[in-house]
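When the chains are written out, they are named A, B, C and D in that same order, and each has its own residue count from 1.
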Amino acid sequence: MPKEAIRTALKVDLKAPAPSQPGLHNRWHPDIPTVGKIVPGEAVKIECIDWTGGQIKNDDSADDVKNVDLSCVHFLSGPFEIEGAEPGDVLVVEIQDVQPFQEQPWGFTAVFDKKNGGGFLDEHYPQAAKAIWDFEGIYCSSRHIPHVRFPGLIHPGIMGCAPSPEILAEWNRREGELVAASGHLDRVVANLPEPHGVHAGSASGDLAAKIGREGARTIPGRPEHGGNCDIKNLSRGSKTYLPVHVPGAKFSVGDLHFSQGDGEISFCGAIEMAGVITFKFGLMKGGIAELDMKSPIFLPGPVQPQFGPGRMLTFEGFSVDEQGKQHYMDATVAYRQTCLRVFEYLKRYGYSGEQIYLLLSCAPVEGHVAGIVDIPNACTTMGIPMDIFDFDISPGAPATKLDMGSCALTSDRK
Amino acid sequence: MPKEAIRTALKVDLKAPAPSQPGLHNRWHPDIPTVGKIVPGEAVKIECIDWTGGQIKNDDSADDVKNVDLSCVHFLSGPFEIEGAEPGDVLVVEIQDVQPFQEQPWGFTAVFDKKNGGGFLDEHYPQAAKAIWDFEGIYCSSRHIPHVRFPGLIHPGIMGCAPSPEILAEWNRREGELVAASGHLDRVVANLPEPHGVHAGSASGDLAAKIGREGARTIPGRPEHGGNCDIKNLSRGSKTYLPVHVPGAKFSVGDLHFSQGDGEISFCGAIEMAGVITFKFGLMKGGIAELDMKSPIFLPGPVQPQFGPGRMLTFEGFSVDEQGKQHYMDATVAYRQTCLRVFEYLKRYGYSGEQIYLLLSCAPVEGHVAGIVDIPNACTTMGIPMDIFDFDISPGAPATKLDMGSCALTSDRK
Amino acid sequence: MPKEAIRTALKVDLKAPAPSQPGLHNRWHPDIPTVGKIVPGEAVKIECIDWTGGQIKNDDSADDVKNVDLSCVHFLSGPFEIEGAEPGDVLVVEIQDVQPFQEQPWGFTAVFDKKNGGGFLDEHYPQAAKAIWDFEGIYCSSRHIPHVRFPGLIHPGIMGCAPSPEILAEWNRREGELVAASGHLDRVVANLPEPHGVHAGSASGDLAAKIGREGARTIPGRPEHGGNCDIKNLSRGSKTYLPVHVPGAKFSVGDLHFSQGDGEISFCGAIEMAGVITFKFGLMKGGIAELDMKSPIFLPGPVQPQFGPGRMLTFEGFSVDEQGKQHYMDATVAYRQTCLRVFEYLKRYGYSGEQIYLLLSCAPVEGHVAGIVDIPNACTTMGIPMDIFDFDISPGAPATKLDMGSCALTSDRK
Amino acid sequence: MPKEAIRTALKVDLKAPAPSQPGLHNRWHPDIPTVGKIVPGEAVKIECIDWTGGQIKNDDSADDVKNVDLSCVHFLSGPFEIEGAEPGDVLVVEIQDVQPFQEQPWGFTAVFDKKNGGGFLDEHYPQAAKAIWDFEGIYCSSRHIPHVRFPGLIHPGIMGCAPSPEILAEWNRREGELVAASGHLDRVVANLPEPHGVHAGSASGDLAAKIGREGARTIPGRPEHGGNCDIKNLSRGSKTYLPVHVPGAKFSVGDLHFSQGDGEISFCGAIEMAGVITFKFGLMKGGIAELDMKSPIFLPGPVQPQFGPGRMLTFEGFSVDEQGKQHYMDATVAYRQTCLRVFEYLKRYGYSGEQIYLLLSCAPVEGHVAGIVDIPNACTTMGIPMDIFDFDISPGAPATKLDMGSCALTSDRK
């Protein structure tokens, strides 16, 4: 017998304010009411808005980025009850497709202001910037970063099941301790529960207030459930194994990315978009114990962009910082150095630092932990697919400065 | 006209003591005498002994590992004068092949004792262990880690040109400062120049003594020249661009690996071997300025093992440590957690912790910096090629404990 | 400035009879009126119906296949005028995406009756059969061929520019000669112009009659323009270079395939579907002379399904036929033998011959001309991705017969 | 316990005449004496001379090619008894490595004279030509075909077990019938048993004479055992399943290729070399029945050169021949047309026809049967990896004629 068309388990309204839509929420909390039930084995579509809830516009100014309200991110679709899921089970999440909305074929990548969000290189690039990407089928290109075009490795930045009360308490404890211990630092090290900006789905009154007081922010991924892990390879055809901590699993998804590079270095660094994701869920009863699982695991899908290893120009970085200070086995410092090496290389073609920052955040670059034992230097690498440029960036070819225009900047810099 | 066979620019003697061979050296110093001249465009073979100079034996005890003398590592072949190379140039190093010696078709992977070398997981596995790998063409397997077999991604752990005096001084300064600042830590954070164990090639007398006093240890890779970067993808067919800092470049190579995983987590973690590497060198005059190069860059070769993305079982880790402490954006902590997740998974099949530690160090696992901006959690991943096992390790297949024997342990543990 | 959404250059009506839609046509002729103009550089969507015009239903009987009217195939969308294109130019066709209609997420693969269409193995499987494939994102599966699931390598079977009158005359001459010389054979060797069933787009009266009399059938691909070449790799991201023979190019497209194997052996062998294709066109003025082009060339796209070479179980075949007759260097005979070897292998799991016939036609199998010089035996191979099965088909694993149900057969066979 | 080094089961002498070496033979016959025994599970090396027995020299004249004696090809190493193998078994042949001899780091590709060997395009290029390839690790390049360099997909052209008397008789019957039926053709269609030039290994006297009278020539691959199938993907790491027809299997190997393109179009078209192949054998008892095997099957290895699908410039060909004659579904004609399209394209850069003929024969080009059902036109494709050229051959780049020198020609053409 013919199958029916795939049902849409949640529709969003791109024109309505995000906080007004009860199928969305922006905190992790076991008590956020479910928005529907999904049966294992059933294929379903779920619509998502972009993570900021439409705050960033398709224009040529980064003022919206500079002034973005981060208290209300990320807007997630869900939570969904998965029929039969119980604590201790593993939810098997197969992503069958991810697509932007046909009527909104664009996305954005942004560098946040150092004082409002920041990013991996905010000491170097403290001011807001933005690139708009136009989608043409599998490809994207940007009027703000010329001479580049690439196929997206499309994926959700965030998938996860709701934490149990115990796990939520643990998150708030350990992140609170970090914040408490970091008061001397001139930066936000973690975002603790924040009633302002909370969207608790269809909850209201006391429950909404409780969720605002207790609900974990969605910004970090966390080992117990995944969440905002921002792994670019969770793309079409992938299968992710997520631990279940509450009855019904309460699965949520959001933060769709048309493309992202390893590290997503500018924080709002993927090509952020609204769109539709198609899932098929499975259940592995008692799977947490069976797999001895503490964090999610996954199998990537079979249709990733392939460039050939010899087409990946690769840069090395070590844990010696910009001031010449030697750090001990610090892969974070090493990866920042690796990034800076690419900046120096690509500036030779006329790109501005902000353009490169945006590009390395969202293009399908490969960031590896190469060596993590040769004391005191961690070594990391970043591979750039040379074929995303329409000119030859190989080291043997001459480097000519081209007219690279400008990415979107704030109005005070124009 | 027919070409002549490829000449061997340096031969080693696997039976003679390493310190007696003037074509070898184990420190970085601009004054180590060259052992020969190579013309750009010429293909040459260079023989290398294993990095320890033959200290580790093909047997079933890890006592040699426990007592290894690390003051004399790594034994490198060279330095070679590259004709025409001057400071400011870039040396283009094409690796045309790497092969083990036919008469010594085996290598070793070791876990060092925490008090003598240590490793990435020495808090968990503080005692020495070892696996011997037998080579059969492109494949290797080990009597110490059953049910595993994989093709090698063969490469040199170390390539580099000699530092200038100024660069050497900078290395010694910054690593000295780290040591000075870390006196309170219960571990060696860096190895400063050490006259004991020095092998200065053909230098003797005052020059050898000077090299002993000043010469940088070869253990870390360093941004200015590469060195022990331990990048598994510098394999057959790769092309590396190395900065030249002294007249003639003074290029050295060593630490050949039959295979290595991203991170090389057990420190002596690759499949260490003696062998022959074939190079062709090119020169990019003035290339450092032209490429604005601060650290080496490279293009991988076209013949890496291919498993298909859907065959890579991938684990996630975050910067929350084993004690539940939240670290701020620490990719090193995250990568350690990622590794530990694989341990938990693979133990279900009967492997011991040490066996897994050895395996993840040397098998072609892929370690990625997935997200480095979602405060406070860095997220890293490790992908394991499922096809290196002769049983099904996919999450959907049942996990049965197999007889996994034992890796080589120290005599007090047997 | 924001870009506008991609316009749809042609809409089809899945519910209206195909012959009633003036944007479709089913013959190649230079005088078929254009249905719109497209500007080089513009991205456009073009809707297509399935090649039979909706004759095949989503049900469990192959009677529709047996009785299919082939006089009216293939229904193509177009022809489109490409602004500025002139004879001698090369039309550069970038496929940016291909998608099934969301409201019709299924396709069909069929074996034609030997007396009405036939196929590559119609001596072995002379009766009609059918499989319906359900689409779930990038994947498809069929209730008629259990235990199989794979990602589509989605593509159009047919793309081409209209022939000039001279080229059309040449086609009719040479195919007519073949038919004339083959009268003794008990099979249709080519389809000559056929007024019955013709759909000449918006042409009517004398022009429609002329097109019926002269218009080339769309069944074969032809060297001068491509047409129905059925190359599975003309998928998302590919770039095809097509010769232009008439002013405005008169480009047409159709016969969309969700997936196809090399050879498309059952004739209606791809997963045939209706859908939407997104193009961007470019023009290479005078390109035919510049490229010395006699037939189309192309670059595949970067997002093909990847299985890893070691996961492709590969079968060999030679030009000795089923009766033991030795043919001289006949790659067609060899490829048929190669196919038959796969049938024998897969029947061991319980699949019927018709199921295998359907499967090899549409799954992403790789068919190679391995050796074409070792007289008298041509050798061809067919590689089957083992990962499309949910059980282990490797030669080392035991072969157990499973309940494979049945594909759709004709009512007289049930 | 340490394993011993891999033993060499057969050594050859590159300086002695091939017919004088009893470990070689050049016919298929069940009675050729074995040259040694190999135990399943044992890794062994087998040395091979080049297929012509050293007739072709590393020089700049093709006279040796023109006058080559083909009555004595191919010189194979073996046959080897595989312990325990019986008729009905399947021999599992894992190729662990293939290497040229270090002291002979070169190979040759040749176009035979139409009157002495011929080839796929001998109507177009009837005269002998030659290219010498120098090996530098995984790469090869030729002074006879400038601006090209590529990694080899190294493999044996021939592997097979001896035929039973019944199978041998069948070969001679069917090939004899072809010869008998082809007397009107102006070409050799098959090579029947030929006493002249026979080398029956260690057999002598009556046995040698019998082998000369009855022994099948090694030129064609044959379905019952594989033999000279010339499949480029039987490279390092591959696993081939060969039917066993006589007690002990009597396995032979030879015709080593540093590289070959699909089709091996110039007949002596691979990069022919002498060298060493490393095997590990397995036995599947009763495997022929279990696998229902009529011809060999194989799994390719995991280390093939990877170029990325978007780097393969692909040409199309159809079964309309050079005279404009329409053939019915003839994949051989189509593949010849496909080849000719590449000739036309590459000539634009200054290559001669013979240079292109040699290059397409031996470079890792991919030849596919694209469509084999669209009557009357078979469609085949050939993909050329663009990255083997040191200039840009993409259609968008300008085509400039370069100084391409000349391949080796016969002395009368210089």
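Of note:
As a convention for this text, a contact is a pair of C-beta atoms (placed from the backbone, for glycine too) under 8 Å apart; a residue touches a chain by one contact, two chains touch by 3 or more.
Keep in mind it's a predicted model, so treat the numbers as computed, not measured.
With every chain reduced to the mean of its CA atoms, the largest distance from chain B is reached by C. The chain pair B-D and the chain pair B-C differ in C-beta contact count, and the higher one is B-D.
Rounded to a whole number, the gap between the C-alpha centres of chain A and chain B is 32 angstrom. Rounded to whole angstrom, the centroid-to-centroid distance between chain B and chain C, based on C-alpha atoms, equals 50 Å.
Once the centre of each chain is set as its mean CA position, chain B and chain D turn out to be 39 Å apart. In chain A, the residues that touch at least two other chains are 237, 301-302, 304, 306-311, 387.
Every residue of chain B that touches chain C in the complex is listed here, in rising order: 306-311, 387. Put simply, chain B touches chain A in their complex at residues 90, 92, 119-120, 170, 174-175, 177-178, 182, 188-191, 219-223, 226, 228-233, 237, 241, 262-267, 269, 284, 287, 290-302, 304, 308-318, 320, 324-332, 335, 337, 341, 344-345, 347-348, 366-381, 383, 394-396, 399. The touching residues of chain C, when paired with chain A in their complex, are 1-3, 5-6, 43, 58-60, 95-97, 102-103, 105-106, 132, 134, 136-139, 143, 151, 236-237, 278, 280, 301-307, 387.
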